[in-house]
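You will see chain A twice below: alongside chain B first, and alongside chain C after that.
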Partner chain A sequence: MSRWFPWLLAVLALAPLLGGAYALRLGTEVVAWSLAATALAFLYRTTGLVSLGHSAFFGGGAYAVALLVRNIGASAYPFAVLSAVLLGFAFSLLLGFLGLRSHGIFFLMLTLACSQIMYILVKQGFSGITGGDDGLPGIPRPPGLEEPWAYYLAGLALLLGVLLLYRAFLASPLGQVMDALRQNERRTEVLGYDVRRLKLLASGLSGALAALGGAYLVGYRGFVHPHDLSWTTSGLLLVMAVVGGMRPLSAGVVGATLLIALEAFLSSYTDLWNLFLGLFLMTAAWTTLRSRRATHVGA
Partner chain B sequence: MEFYLFVLLNGLAYAALLFLLAAGLSLVYGVGRVLHLAHGGFFMLGGYMGYSLYQWAGNFWLALALAPLLALAVGLITERLVRIVYGPDRALEQVLFTFGLAFVISDLTRFFWGAQVLGVPPPPVLNRPMGLGPVVYPAYPLFLILVGTVVALGLWALMRFTRFGLEVRAAAGHPKMAEALGVPTTQVLRRTYLLGVALAALGGVLAAPRLALAPGLDFTMLILGLIVVVIGGLGSVTGALYGALLVGLADSLGRTFLPQFALAVIFLLMALVLVFRPEGLLGGRR
Partner chain C sequence: MWALELRQVYKSFGGLLALAGVDLKVPLGERRALVGPNGAGKSTLFRVAGGESWPDRGEVLLFGRRVTGLPPHRLAQMGLARTFQVASLFPEKDVWEHVVLASLAFHPLSRRPLPRRLGTLEDQALEVLERVGLSQRARTRVAALSYGEQRLVELAMALAQKPRLLLLDEPLAGLAEEERERVKGILQALPREITVLLIEHDLDFAYGFADRVTVLHQGQVLREGLPEEVRRDPQVIEVYVGKDQEADVAFPSPSSPHTGPALLEVRGLRAGYGQGEVLRGVDLEVRPGEAVGILGRNGMGKTTLLSALMGFLPAQGEILLEGKIVPPGTLGRAQAGLALVPQGRQPIPGLSVEEELLLALRPGRWTLETIYELFPRLKERRHAPSTVLSGGEQQMLAIARALLRNPKLLLLDEPTEGLSPLLVKTIQEVLRELSRQGESLLLAEQNATFALGLVQRVYIMEKGQIVECTEAAYLRREPKRLRMWMG
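Up next, the complex of A and B:
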């Protein structure tokens, strides 16, 4: 973790608590999106894979928690969150199983297609269970965390825990191998590592973390909406991870903080938010390319 | 029996639209290794431009002729932009860039044409039922099947008999070798891109009387196009054709027997192909 990153976390922790209800709401959203954007950055950091469909896990986690809590009651939260995370893991593993059999571009297309199909199934296919276009309202907060600030602090602790785990993972032998995998897949394979299994593991963990983000968001917001599963959500998560720089540990948090702040600012002026999101993506691609060219010249 | 003929014809009409979309997607990937995620946007753009031209001129045929040309003009601009990310080992940048472009096109069409559902009626000549042996079937879908067949044959001839086709196949097969032998690969890619964009827009205009024009159409179509090329194998027109036929028929069957889960049927088809033929049906050989 770079030296200034703990300070960003400290500001994140304090600002909403001092800044009133609106700042607290934004802060909680930042925590939720940070978790999911970190999941995306983690996948890239460890395997070099890009997912265009992480909304499937983010929104899927949210829907899993919403359905379980609505049907069983607020006391089911630990169980609901755990099942959301496990479902995210299993589902992502399955997707990896299908998509990692050939060229990386197939994984990309499969993630995008799969998230879109989830979106349509939730919106139209099973609208009796999922509430269709209207989503599911009236989800209570977990017991003990009903106060917004308590929920926010719990989320912050969760995020910190995830980041510490992430750091420990990178430092572990397994994390080192994954770093090698991103840098040179063929060499890693020749060294005797089962590349496909490593990719599957990373993909599963990433899906689980994104589902955790969705679960956290729904507990705060109190409703789920098909929009959480849409390609806009995937695109937003991708922009966040890219703006944060993809590789650093802090990528997801930095990107989520910037983008949530920007969205809050821009949406009071225009409803063409997707246009700006698209322009961000294009600029991000352009700048990554430029910086890569620069390093090539330097090396 | 007649019932199944209906299902078959519906599937073929849908497959024709999917083919127009997927052929360009597949060719652009084959020549430039660029996954053009804004392709669905051009399909939708073609549809909306066709709508406006129809409103302006009151003539479907004029709209059908002009909308692809207008989309081509837009394609000339976006091609200059996408050119920034051409090149090998740039998968991440290309995906970010074309995904971003798709967002921009999506929001701009919503800005210009609004969020309400728009439609174009089929031209009067084709807006009637036709006797087809034992069954009576609307003429417009038959026209779609005809256009799809003509375009497929035209593309095949283009790839097989012209210098451009030769260059496309060379660039897709081995870009470096092709360049060393004097094939201007960048120029070939540019022309392929424009061809793909025009075909997608043509598909969009043709789809306007069949599918509703509304926000979200671009991504629905992009996903279907991706599924088609995943099934058929990236990089070949023939693969796109087979993929489009399979997806079109699966969709038609799904819509008939499991109306709400048609997409799930298609997805199942894709999953099966990925398990047994990970490179797509024609992925191994170009």
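Up next, the complex of A and C:
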């Protein structure tokens, strides 16, 4: 973990005390997206798989919580969040099964297809239950966390917990095996590791974490919308993870913070903020590539 | 009971029948050598036995159990370990982590998702590293190791797996003399409970090590028996070493005068990986039409030198081609007229032989037709995917590919590595022919006999520096002098 990373978290934690309601809103968004982007980065770090379908788990988790809380009441939150996480795990495991023998672009397309099916089902297939195009409004905050700052701090604690677990996992024997799996899958298998099981596990955990991010998002925002399931959401998560560098522990958090902060900053100046965001990303990618090439030493 | 049994195994790749009905029975505790010329199907047999490829037909049995179609990790759990001909490692991990990873596979700790001290496993890993002589390098990333050291990591991993059946794919290839002796010692000292199946081109070692020898030829078992019987079998000698073993005296004419300005001039070349400097100021010269050898043991910087010349690594110092400083970067060097035949051949996955050749083609003296004349074998196989070629064919392809660039200077990195004696001779003849036709060659080799039969002048490299420059003829007359440097 980089040395400045804890400081970044500390600054994040101070945001609600100093910046007022708007900063608090941004901070909460950062936490939610960080969780999901970390899930994506985790999948890459442990298996080398890149998913373009994590909106299915992110939005899916949000929808699961929304439906349960609307039908049972705010007291159902613990149960709802747990169900969302378990569902995320189960669905991601299923997707993992389909994707076991595929790599690279094929896995990417497969995840994209699955998340699009989910999107269409929610948007048009079962609009009676899911609210169709309009989504589901009026979802209360969890009891005890009604105050925005309390909800935010709870999220921050959750994120910190996730990152600490992630770090411990990477240092663990299993994490080392997973790291090897990303680097040379065939060799890992020949050494006697059940590569399929490891990939399934990573896939499941990633889905669960993304669902947790979605659950956190909906509790703060109070509504869900089919857009949460669309492929642009997947794309944004992927961009966040990539901007953060994919492999470091901090990838998801750095990417989410950077993108959300940039969006907030640019959109206060111009309606064309997307254009400038794109330019920024291209410049960032270009300079990284150049510096990589400069320091690259082949072996 | 048999440790390993193959029953009528067939396996083909892209139209090439690599295994054509192989029957093989290796009893428990036996040491078996699997020999045969390149392309005989030895590596394919290992892949099938290890569960990486499934046979098209036939059965594989491991310790009496039918395992056809089981994934590799299941076979590993049953006690099978193997090494790869070309080291297959985890580039970002260090040596020690590799060995721990290998010994962890069947340990309950490997399922621990939270940090745990590995205790005895760590000690065992150090012990294994001590045995193969890598304990000094325990904390070095494998990407920074020399090729021979990477092969030793392969062996260390296989030993750490504590196998009951060990498949070794050319454990001596690519090793320096000192490392070879060490590995031979390790293999000889393996406990007899471990059944060993070994592919090796060093026939003296293979015959000395094995209880029995199986000769594979064109995907079939040609002969099986005691080492002494097999060694004398005329049929085996013919397929393996070629008919005229002794006709190897036609040395190149000692330095027909290669005068004039140097084609390649290197001055004070320094390069390395990350922090470590591998080349410490290399000076050398190749004159037009000359064949020059760089000899030296493993890890002395031969590959690094060629990589630096080709612009794969940033380097300091001067490189002049025909008196002009070469541009930086691999593309610039290639356009300036350097072409490399890389170690390990590096075929391009997804391309057929002919496609790969056409990709390299640049107008000049060498055309597809003249190349096919030089390598009729490549013409026969021109529609096959380049990755399914045998090691020897891939080497021909690599040379052909570089020639089609019509370079001013051809760089070759260990072109004989892992080739059978017959093929070494073929490659040597091809290179001699090239030299006769006026191509300039710069050859990095640790096979001194091969190189000296080919080049006119020799540089000897030691620890990243040129320590001697001499006529090849002199070293041929004075083998003692050579042995001093090559160990």
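Methods note: the second predicted complex is superposed on the first by the 262 of 299 C-alpha atoms of A that agree within 3 Å, B and C clash if a C-alpha of one lies under 4 Å from a C-alpha of the other, contacts with A are read in each partner's own complex, and residues count from 1 in each chain.
Following the convention adopted for this analysis, a residue touches a chain if its C-beta (ideal position, glycine included) is under 8 Å from a C-beta of that chain, and two chains touch if they have at least 3 such contacts.
Quick caveat: nothing in here was measured; it's all calculated off a predicted structure.
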Which superposed partner A:Leu289 touches (first chain B, second chain C, both, neither): first
Partner chain(s) touched by A:Tyr22 [first = chain B, second = chain C, both, neither]: neither
Chain A residues touched - chain C or chain B, whichever exceeds: B
Partner chain in contact with A:Leu238 - chain B first, chain C second, else both or neither: first
Which of chain B and chain C A:Gly104 touches, first, second, both or neither: first
Chain B versus chain C as contact partner of A:Pro173, first or second or both or neither: second
Residues on chain A lying within both footprints (that of chain B and that of chain C): none
In the complex, chain B residues that touch chain A: 29, 35, 37, 81, 84-85, 90-97, 99-108, 111, 219-220, 222-223, 226-227, 229-230, 234, 260-261, 263-264, 267, 270-271, 274-275, 278-279, 283
List of chain C residues in touch with chain A within their complex: 50, 52, 71-73, 76-77, 82, 84, 88-93, 97, 100-102, 104-106, 109-116, 118, 143-144, 157, 161, 272-274, 307, 312-314
Touch list for chain A against partner chain C, complex: 168-169, 171-177, 179-180, 183-184, 186-187, 189-196, 297-299
Residue numbers on chain A that touch chain B, as the complex places them: 44, 50, 52, 98-99, 101-106, 108-110, 112-114, 116-117, 120-121, 124-125, 231-232, 235, 238, 242, 272-275, 277-286, 288-289
